[in-house]
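To keep things simple, chains are lettered A, B, C, D and E as they appear, and every chain counts its residues starting from 1.
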Amino acid sequence: MDISTIAGLISGIVFIVVSIMMNGRLGLFFDAPSVMITIGGTFASVLISYPLNKFFNSLKSARLIFQTKEFNTGNVIQRIIDLANIARKEGLLALEEAAQSMEDKFLQKGILLIVDGTDPELVRNILETELAFIEGRHKEVQGFWETVASLGPAWGMIGTLIGLINMLDQLNDPSAIGPAMAVALVTTFYGSIVANFFANPVANKLKIRSSEEVLLKEVMIEGLLSIQAGENPRIIEEKLKAFLSPTLRDTVKENNEGETKAGE
Amino acid sequence: MDISTIAGLISGIVFIVVSIMMNGRLGLFFDAPSVMITIGGTFASVLISYPLNKFFNSLKSARLIFQTKEFNTGNVIQRIIDLANIARKEGLLALEEAAQSMEDKFLQKGILLIVDGTDPELVRNILETELAFIEGRHKEVQGFWETVASLGPAWGMIGTLIGLINMLDQLNDPSAIGPAMAVALVTTFYGSIVANFFANPVANKLKIRSSEEVLLKEVMIEGLLSIQAGENPRIIEEKLKAFLSPTLRDTVKENNEGETKAGE
Amino acid sequence: MDISTIAGLISGIVFIVVSIMMNGRLGLFFDAPSVMITIGGTFASVLISYPLNKFFNSLKSARLIFQTKEFNTGNVIQRIIDLANIARKEGLLALEEAAQSMEDKFLQKGILLIVDGTDPELVRNILETELAFIEGRHKEVQGFWETVASLGPAWGMIGTLIGLINMLDQLNDPSAIGPAMAVALVTTFYGSIVANFFANPVANKLKIRSSEEVLLKEVMIEGLLSIQAGENPRIIEEKLKAFLSPTLRDTVKENNEGETKAGE
Amino acid sequence: MDISTIAGLISGIVFIVVSIMMNGRLGLFFDAPSVMITIGGTFASVLISYPLNKFFNSLKSARLIFQTKEFNTGNVIQRIIDLANIARKEGLLALEEAAQSMEDKFLQKGILLIVDGTDPELVRNILETELAFIEGRHKEVQGFWETVASLGPAWGMIGTLIGLINMLDQLNDPSAIGPAMAVALVTTFYGSIVANFFANPVANKLKIRSSEEVLLKEVMIEGLLSIQAGENPRIIEEKLKAFLSPTLRDTVKENNEGETKAGE
Amino acid sequence: MDISTIAGLISGIVFIVVSIMMNGRLGLFFDAPSVMITIGGTFASVLISYPLNKFFNSLKSARLIFQTKEFNTGNVIQRIIDLANIARKEGLLALEEAAQSMEDKFLQKGILLIVDGTDPELVRNILETELAFIEGRHKEVQGFWETVASLGPAWGMIGTLIGLINMLDQLNDPSAIGPAMAVALVTTFYGSIVANFFANPVANKLKIRSSEEVLLKEVMIEGLLSIQAGENPRIIEEKLKAFLSPTLRDTVKENNEGETKAGE
């Protein structure tokens, strides 16, 4: 459960609602036709922009902002050092068993390639191609939400223009001008909320999640190739810890002290 | 037939029309002079921006957003593994026959280069240059629609300025102000529709179609070079599947189980 | 003569004039002080932005949008295949005579370098450096017009601010407000025209012309190095045609059928 | 203590306060609900955009704009030349003692790697990976403040829209329009202050601090590898001084005159 | 003396002043509090953005837009060919004397490195690192003025918001509205002038000056390495002239005809 997403969504909604109710009435800001033209128009444009399967995949991706990743880089480094120790003591083939119980498909695939005796250059090639495509698919989903974030305010403005043009055309009753303009502006309000309270923050959190996953997989690739090259586990640890921030680095060090010494 | 394009266009038009008709009259939003200055002006600027042949080619490209690609990456990988099996069993020359019945010109050209015994480095060079230029031409067409998307609102604003200046100059009749401003704003409305409901979504869908085609051709190049190098079809499959998303990957695996085993 | 430039300029002017005259008077849109502050101010800022020689060179470059290039890629490929055939039959030195009658300075220089027996690496180095600088100079000129396109609307707004501030300061006569605001908005109108009907389209057409010329010269470099390496004219043709779009490719093929066969 | 940050913050606040008090009353610009919607909304969106740990780390980073770096490039170059002299006179192992008293963790780690006899390629690899991740973490923090800078004005506009819509809906009392609009605009004012007086300048100063630290560490990497390669201290000095601006370069020269001569 | 800078500044000021005086009074546009909030606020934010030394260095850099560079690429190429001839006739050591009288520090340093018999790879490394840092420092200064250009209009808008909010709060006297709004808009006017008439053009001219200097130094590096490699002066000339535009190229050719022939 991603606490910051929940906290941000709830506090943002509270701020908006309280802010509206201090000087006005909430009902004014719920307007079905305004929802239709802003949200409906935005998704009509997004539908033209994306094929149906990418459209639904990207929509579904929004739920990822509520999830936290199970794995962290420190654990992965620890796991790789364990594997390196196994490989040094019992040989590369002993890794096959360890791979069976592995929940991470990427790491598992890498180990199986090593166990198969695949050429190191080809192992790197296969894993890096796969990582590049994972990153590409992540970028596509982020791009989807950035498209939503740019189309939302645009359709908000289209809604406001429709409201304004209708109002200006019927300018005979001065007392109706205010409320009509108020309604016309509601779509601009919606468009701005869609972009700044939803689509852009979603794109941003997905981007950070993606960079964390890519970093993790880069650590895996470096580690796997070092294991295949038969490098000393202590050197592997030193190499992989360069991927960590200094604070995280110390936690790994403490856990490993015993094992890596034994594995030398 | 691309369903998302059709669904997006129809739903968007419905949303706009319903939104207008709830508080106003549709006729107000059809204004021939406004069409002329916004659409006409936009295309006048686009004509100055592009040579005539690129102008018409790019305009024609808009129809691509209604089409779905026939080929998918899974099929192409399957096809390449079949070719690899033929090459291993019957030699590279046996591919010439297979190339005859191939509908994809790029793959066909690659096979013929291999059959001719062209140097692998030159094969890669020729195919990658061709791919780079295909991508370049795609980018040019996307750029065309992005230019339209930036000029549309600009000419919408020029139309509104003309309307406003004319109205402000004749400010003697207060009752005429509203309707005159309404008409002046219609061009801004058109410009925003051109950019956000048409040109930008078209550019985006063309970009996605292009990236799918480029990916497909990258798979072809990798596969052709692996065939030429005489690699094991199972390794080729492993390499090419790194280009696929995990969900697509499994479908290929199932289809191949029998054949690739036989081809080893 | 570039037809699209002429057609764009004429149709754009017609659209603007007709659009103005339908509801207003053309004279209102010709205002000498507004021209002075928008166009004058823009060029004052551009003068500070660029040294005098680049300023005049870039201004002069605007006339290029009326010209069409004489050469096309197909012709250049044909020419290079002819040269390759000469080189194969009569030796590299025989190219010197062919170079004399060559109107393209870049191709001529390349041939003379080859005839002189310059090291292939150095030939590529000299020609690519020269191409990089040609591209750099083109980018500089495009940058000039993009600068004009961003300064035009800015000075249009400065003009409108001057008009608005003056008007607001003298708000005693209500009937003068409208016409004064109309005049104030004319500079915004000018700024938008400068950017969207002139400077941006000019920058765009120059960019396309430049990319065509760069492509042409890349073809020349590839071709010249292949000739120097003594490659088979048929292979050279295959390599160079990767630079062409499929439609253009077929026209080259037909013309060459006879000659290249003979040249093998 | 970073004087420019203090001077900028104080002078900016003085300018704003004086500017307000010359024609109005300061109280008008303190409005709790406006603070809530602008600042609260901005941070709600930022919370959705970032995981909790990055959110707090980035917030804390703002205090760095008040600190000045202790180290400067000149000192580091001097320090490295000293180390090079020690290494030449007493051997690489003599550096271990010097490393103990080193306060910079990065330089210390590098020296220990050298003393351990690690392969030069691996030393460069480990240190450059670490530097790349330091730079990555800095970029992330700058990105946080740039996100704040783009969300601030957006939520300022959302606040103003809420105020405008409420006001337009209750347009019965003309005398209330002015003050209501004044309050509505206060959120736009806040949003602009957040972006232009705080978040963007913070992001910019962090960027400059980061580039200085990265430069420093690049100098360290170059220097450490030169020491490991056993290069002449005078050559090392020449190489490292290329990283300095000409004015700083002279100060290093003077300090070194004696020592480097002796160290040759 | 850079004529275009002077001409641009003077003509721009004349255009603004004449434009104001045609319909209003110049005094209205001089408003001390408006200067304070726009210019003062901008520099307060810039002070937070940059450390004090970079702040003053960048401010001082503005005077460079009035200077023209003494050196031109043609001269430098001529100078390098002269040095190549000396080196060929009298040996590399003979360059030391020529270096003494050299006013360009970069060229001088390069020659001294060559004379010292430094390894060519190290010469290139030192000179390219130095060039990269020169370019980096230039970019930083351009970034300073681009920051000013983005903060100017932002603080102009902050000033206008302060004026508007104060005015709207005191909406009792209708006759005061106009003049108050006029004054409020003066800060927007200032902000636009700061960005479009000063900061952006300064950044642009500094960018062009920088690219000229970098080109010059790239020519020097290429030339120095060719001299060190003992290349034929005619080949050096051919290589370096690829850096020149065709028009400049001919002028070098004429000057050299005699000397280079003699130097072969």
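Here is the rule we use: a residue touches a chain if its C-beta (ideal position, glycine included) is under 8 Å from a C-beta of that chain, and two chains touch if they have at least 3 such contacts.
A quick note: this is a predicted structure, and the numbers were derived from the prediction, not measured.
Listed by label, the chains that touch chain C and also chain E number zero. Here the spacing of chain B and chain D, counted between their Cα centres, is 41 Å. Averaging Cα coordinates per chain places chain A and chain D 25 Å apart. The multi-chain contact residues of chain B, meaning those touching 2 or more other chains, do not exist; every residue touches at most one other chain. In terms of inter-chain touching, the protein chains here make up one closed cycle, each touching precisely two others.
Chain order round the ring, anchored at chain B and oriented towards chain C, is B, C, E, D, A.
Only residues 33, 36-37, 40-41, 43-52, 54-55, 105, 113, 118, 122, 125-127, 129-130, 133, 137, 140, 147, 150-151, 154-155, 157-159, 161-172, 180 of chain A touch chain B when the two sit together in their complex. Remark: chain C residues 2-5, 7-9, 11-12, 15-16, 18-20, 22-25, 28-29, 65, 68, 175, 177-179, 181-182, 185-186, 188-189, 192-193, 195-198, 200-202, 204-205, 208, 235, 238-239, 242-246 touch chain B in the complex.
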